[in-house]
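Here chain A shows up in two complexes: once beside chain B, once beside chain C.
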Partner chain A sequence: MDNTGLTRIFTTIGVIFGVTATVALGIFLTSTTSPTPKGKASIRWCVDPNPIRKEQIKLFESRHPDISVINDPGAEPQRLLTQLAGDVPPDVMALYDPQTIRLFAKNGVLLDLTPYVSKYNIAVDKLYPALEPYVYHEGRIVGIPENCGPFVVFYNKKLFREAGVPYPKPGWTWEECLDCARKLTKYKYENSRRIPSQKGLFINNTDWWLLIWMHNGRLFSEDGKRCLMDSPQVKKGIRFWADLRLKHKVMPTASEAQSMAPTGAWGSDALLFRASMVAMTLSGRWMSIQYREQKDLDWDVVSAPHGPNRVTLLASKAYAIPKASPNRAEALTFIGHLLQRDNQLLVSNYGDGIPANSDSTITKAFAYNPDYPNEKNNQLHLDEMKYARVQEFSPYINNLDVSAIMAVELDKMWLQQQSPDAACDVIAKRINAIIRRNLANPNFLD
Partner chain B sequence: MNNAKTKPVEKRTSARRRETLAAYGFLAPNFLGFLAFTSIPVIISLFMSFTHWNIFKSPAWVGFENFSSLLGFHHEDARLVPNDPFFWQYVYNTVYLMIGIPIGMMGSLLIALMMNQKLKGIVFFRTIYFLPAVCSGVALLILWKYLYNADIGLINQMIRSVGGALYSSPATGLMTTVLLAIFFGLTMIGCVALIMLLVMYICSRLGLQWKEGIYRVLLIAFGSGVFIAIGAYGGAVHSAILSFISTPPDWLGTVQWAKPALIVMGLWGGLGGYNMILYLAALQGVPSSYYEAAEIDGAGPWAKFWSVTWPMISPTTFFILVMSIIGGFQSGFMTANVMTGGGPAGSTTTIEYYLYQTAFEKFNMGYASTIAWVLFGVILILTLATWKLGGRVVTYE
Partner chain C sequence: MNRRTLAKAALYFILSVGAISMLAPFVWMALTSIKQPGEVFAAGGGIKWLPEHFFWRDTIVDCAKYRAWWGNYPDAWNEINIPRLYMSSIFVAAVGTFGQVLTSAMAAYAFARLRFPGRDKLFFAYLATMMVPGSVTMIPLFVILRKMHWINSYSGLIVPGLFSAYGTFMLRQFFMGLPAELEDAAKIDGSGYMGIWMRVILPLSKPALATLTTFTFMGFWGSYMWPLVITVTEPLRTLPIGLRYFVGQHATNYTQLMAGSMIAVVPVLLLFIFNQRYFVEGIKLSGMGGK
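Showing the complex of A and B:
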């Protein structure tokens, strides 16, 4: 046999082997993708990979042995959109802000849960009224929040004691807070350089809402067609916020914050607080997960300070079911379970917010957790729900456009390249220009 | 007789056909992949640039609306303002960051010249200089983020400690100020001289007349001007240096310093990277007989470089320049995403990062496609211009 003949034989064998291997691999992968035993439905739950999810799944599966849940970690809108566009939708997905919920609902992606409320025992009537933007879209129920968190002030009791400052009391004002923060701000000298060793207060750059609301300011008009950032009420709030950092110097600058606890990641404020670099920080109950880890950290919570208006920011997330979910009934069962007592207490006792279900049997059990006897002020989180408000959005401008404009112009304010009033004027002008364009051309509306 | 002649011809023809078929067979998978994952999406993106598409719904035709929103201007309070001010700010940022390209190219050439020496252990040095190119980009960015930290960063700590030591006594302080002023003055003169040399070189390649006398007069006038200015503002120079040393800049936290800081960081990683390897290969490809001939003609090291090395490596320089311009316009995503978040005040956001935000954070695929096509247009025009100019300056053997 010559070389050509041998080559042909080897080529044929190679092709047959390649095709067989590919087919075999395909069959193997197809048969192993669904680990669900026969007769048992499986739902895919797209949500952040919090360690508590495993416990939640365990609890649900113990109540519903015929349904298994797979935690698909991550629920970023990009991820969800790709899955939806690829026709492999999750069964239950987390949506983290009201505008995303509106975007998904408006584009017909979300299942209207209204007809299923009674059949699947979804306790919508027990949800706090402040959570409405996470629940309804044009009168239809599209999302179910599992937990939430009104912003409160976490304070380091040890630093208060050392500075001889009395612990703050619920219902305190911003003036009182500023007074405390001044007393709790300390400096040290390093090679004759005066650098801050401790700051009184920390507020994240994106959590300025309550400062404008306290002066009865609003970011958008009621109909969402105008940005009111240039209104005197909003300017007053932004001026106060800027003064905390630039005039009174009780809040660390971005650069100081990074030097005190170098990280650019989520939770840098938690690190500052955990390292006793800031005495007070404005945040939600989810931070207690981190603070509990630090055994020597003596902390407590107090209500968010108020101005002329008593108000605080509310954060939550809602679970929704895509219309195209292949396991609708099971997904509805799961959603209904999320608002049940056991699950509500499991999640909130873990520290990830407070129960979204305001039923008294749940809130009573939440108010005191014997596993964490030092946390005596849990009731405060519940009480703050009276003043809690979800951040505003306009249906006529993408939130990311708003954030981008805010970030750029407020950065200039922090760098003292423009005054707070000028920043407010520019922000209003730029946001209104986009709203006008979007209104003029509906193609630009989501 | 005829049969005997035609048989080998037939054999050859069928062998050629088989070879052709095999060639197409090998090309097909890549070509199909290119068609499916590159060509078709590129063509679709051109269509998308004329639509508004948020993925949920079918694309809605908006004509040139995206282009006018991106590139157009309108009157506001009797002032002409861009419809999308972000875009123009980010174009400026992208172009600013490209200042690093010529500096990087010069540095790469310098290092390649050093690495081209026949020294013991030169391979070790080549490896060291190439190391940043093979390190994880994200890890390096985080490292630089700490280096640039205003308070605890190594760079500022060094500035403070070295500056503090130098200015601990009036004598050393004064001497440092004078030396630094001379250094900055000479650097400025050097930069001007380099630009003038470049102009001279291009003029000579294009056959244009250049008056050397004018060049000298300009350089002397500029140099004198710089030193007179430094002398006149001696006090100001001294206090500026002192203030810089006592309060070094917040490199990534201020609009003025963020971009220069990123350029310096890019230079660190880029000098010894792939450009150095390309230059090294080009330098090793220059025949030694040319240098021998130049030596016989009495050429010194500078003359040898200018008359032999530089023209011989000009195709490589041209290639690096074109690729760097293309890369420069397509860069900035990782830095913005990992290191700066595009801030402060959007000063480190590039077109590439803006494109990503528009497409994958705002889901405005139509507008993002418009940005991509405008970017493509800019790159195409610049590449063609470079090609046109470069073709006249580059020497091909």
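Showing the complex of A and C:
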């Protein structure tokens, strides 16, 4: 037999094998797609994946053997909207900001949890009052935050020791923080060029809220119909923020952050902090997950510095149940369980945000975790809740529009193409123009 | 050294830089997959490429460490049920690729060779669908599939991807370059359209078919948003969704993510190696070099 004949035989055998294998695989896969044992209800929990989710599910299922939970990874808005529009909603879904919660609630997507609070033992009365924007819409309970994080300063103790700077104490001021940051900023020379080798402080570009609040500034008026970015109070806060980077040079500029970054181009606060290139960062407790991982990193937390007002930023996420959820009772049981002691401690001990349930039996247990004896300051996160405030939004403009305008105009400020005051004026003008347009538009869907 | 040699050296230098920059992320992925979690990012600056306990940097190979380096693979394997995800991905990618290449080849033959009223207008209308972003059609498509009871099913995962304007366009360009005389000869021998397509057009189009197969397989294999939207239970999920489990809101398990990614790229690499001979030729002949 010649080569062509052999090739033909082998090709035929290959094709038959491929088709048979694919058909067999298809039969096997389609016959094993049912994940729920008979007699058990199954709920779909749509939330960002996280190693602790498996433990949470295990805990819940041990308490409620008749309900199984699927962690559906990723609560991306596009995915949620598609599934909600297609009437295939998750049973419990994570919503990450108060504006989205309001938008979903206003459009009738979310189940009003108010009538179910006592029946399903949902400890809403134990939630911190500062979390209200994540919980209520027009007096109805629509979301349940599981954990939260008031912004605090994470500081690198080793860098403080090396610079001979005493560790900061809770209740410190921005002046004291600036003084520390100056002492912790270092430079080196490369080819006779002076470049930063360490910066004192890093505040993310989106976390400026506390700087305007400390001067009694607000981004929006109470009714949300006017942007107040051009007010003297806000300008004062933004000027202070800009000075940290441009005048005092204690915060890395975007290009400095990039050039200092340990992995090429990811100059995020966490990476620079982990690489000991930034001595202090402002963030929430969830950063502990990353910082714990690095055994040689000696860190602690202290309250966010204060100005005339003592205030800090608060971040959380809320779990909501779509009205169309096919497993309402099970979803309510699950939501109630999320605020129970064991689950609250499981999540917070993992290093994520602090428990949203302020019950003293939970907070006492959270304050000291024997598995992480170096983390002695958990109580500080709890104490900071007194000063914590959720970021503002206006019902008359999409946060994405606000962020886009902010990013463009603040970039010009960082590039020194416009002063902080001018940036505030332009931002207010542009945001107010959109608010006016939306208010005048009868079809505006807020 | 004459000018030609210099030009060649410059060309090789540029190509080498290109090749290295393309390979660098793969190398980092491979090396990170054998690091321990604390070794992913360097303390003190600079890109950290090598694991701290790499065998040729230590004079004695430490078996305990050795297990720890490779431990990311079994950990990733167990963490996200890779065997099931793998089978799902292979099934979806294999059936989807076969179907898309088949429909594209049929449509391309019709658009390239058959004469019927409105052919070119229809072709351009079909091409125009490439201009509509997938995110725009996602909700209507989802609603249609729900009405067909195809949510959370392999049909829902595969069928919407079976038809491709890009594949049709690519094959049409290739088919148009084939000599018409071969077709005429087949017609004289009594072949119909189907016979010509199967016995003349397809055997002559192996490079283009191999190229489209590779591109389509890669598309199905790496698809993220559609499988995420259309599947709601674990058994139907594909590998990219599984890898998402390593990326949390506040932290990413880079070592296991990279180990999982290393496992995930194997079929695509194999397909590319098998198709390489035809693939390069196909890119050249179908004019898709600038894709």
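In this section, the second predicted complex is superposed on the first by the 405 of 446 C-alpha atoms of A that agree within 3 Å, B and C clash if a C-alpha of one lies under 4 Å from a C-alpha of the other, contacts with A are read in each partner's own complex, and residues count from 1 in each chain.
We take it that a contact is a pair of C-beta atoms (placed from the backbone, for glycine too) under 8 Å apart; a residue touches a chain by one contact, two chains touch by 3 or more.
As the structure is a computational prediction, the values presented were derived from the model and not from experiment.
Under the stated touch criterion, which partner chain does A:Q417 make contact with: chain B (first), chain C (second), both, or neither?
first
Who does A:L25 touch here: chain B (first), chain C (second), both, or neither?
Second partner only.
Using the touch definition from the top, say if A:Q78 reaches chain B (first), chain C (second), both or neither.
In the superposition, A:Q78 contacts both chain B and chain C.
Just chain B (first), just chain C (second), both, or neither: which does A:A440 touch?
After superposing on A, A:A440 lies clear of both chain B and chain C.
Examine A:D401 and indicate which partner it touches, taking first as chain B and second as chain C; both and neither are also allowed.
A:D401 sits against chain B, while chain C stays out of touch.
With both complexes superposed on chain A, which partner does A:R430 reach: first (chain B), second (chain C), both or neither?
After superposition on chain A, A:R430 lies in contact with chain B alone.
Have a look and say if chain B or chain C is in touch with more residues of chain A.
So, of the two partners, C touches more residues of chain A.
What residues on chain A does chain C touch that chain B touches too?
Residues 78, 81, 85, 262, 264, which sit in both footprints.
Can you name the residues of chain A that touch chain B in the complex?
77-78, 81, 84-85, 103-104, 107-109, 191, 193, 195, 253-256, 258-259, 262, 264, 398, 400-401, 404, 407-409, 411-412, 414-415, 417, 430, 437, 441, 443-444, 446
List the residues on chain B that touch chain A in their complex, please.
Touch list, chain B to chain A: 52, 54-57, 60, 62, 65, 69, 83, 85-86, 145-146, 149-152, 160-161, 164, 246, 250, 253-255, 339, 341-346, 357, 360-364.
Name, in rising order, each residue of chain A that touches chain C in their complex.
By the definition above, chain A touches chain C via 18, 22, 25-26, 28-30, 32-35, 44, 48-51, 70, 72-74, 76, 78-79, 81-83, 85-88, 90, 260, 262-264, 271, 274-277, 286-287, 289-290, 293-297, 317, 352.
Considering only the defined contacts, which chain C positions touch chain A in the complex?
So the residues of chain C touching chain A come out as 37-38, 41-48, 87-88, 90-91, 94-95, 98, 135, 138-139, 142-143, 145-146, 151-154, 225, 228-229, 232-236, 241, 244-251, 253.
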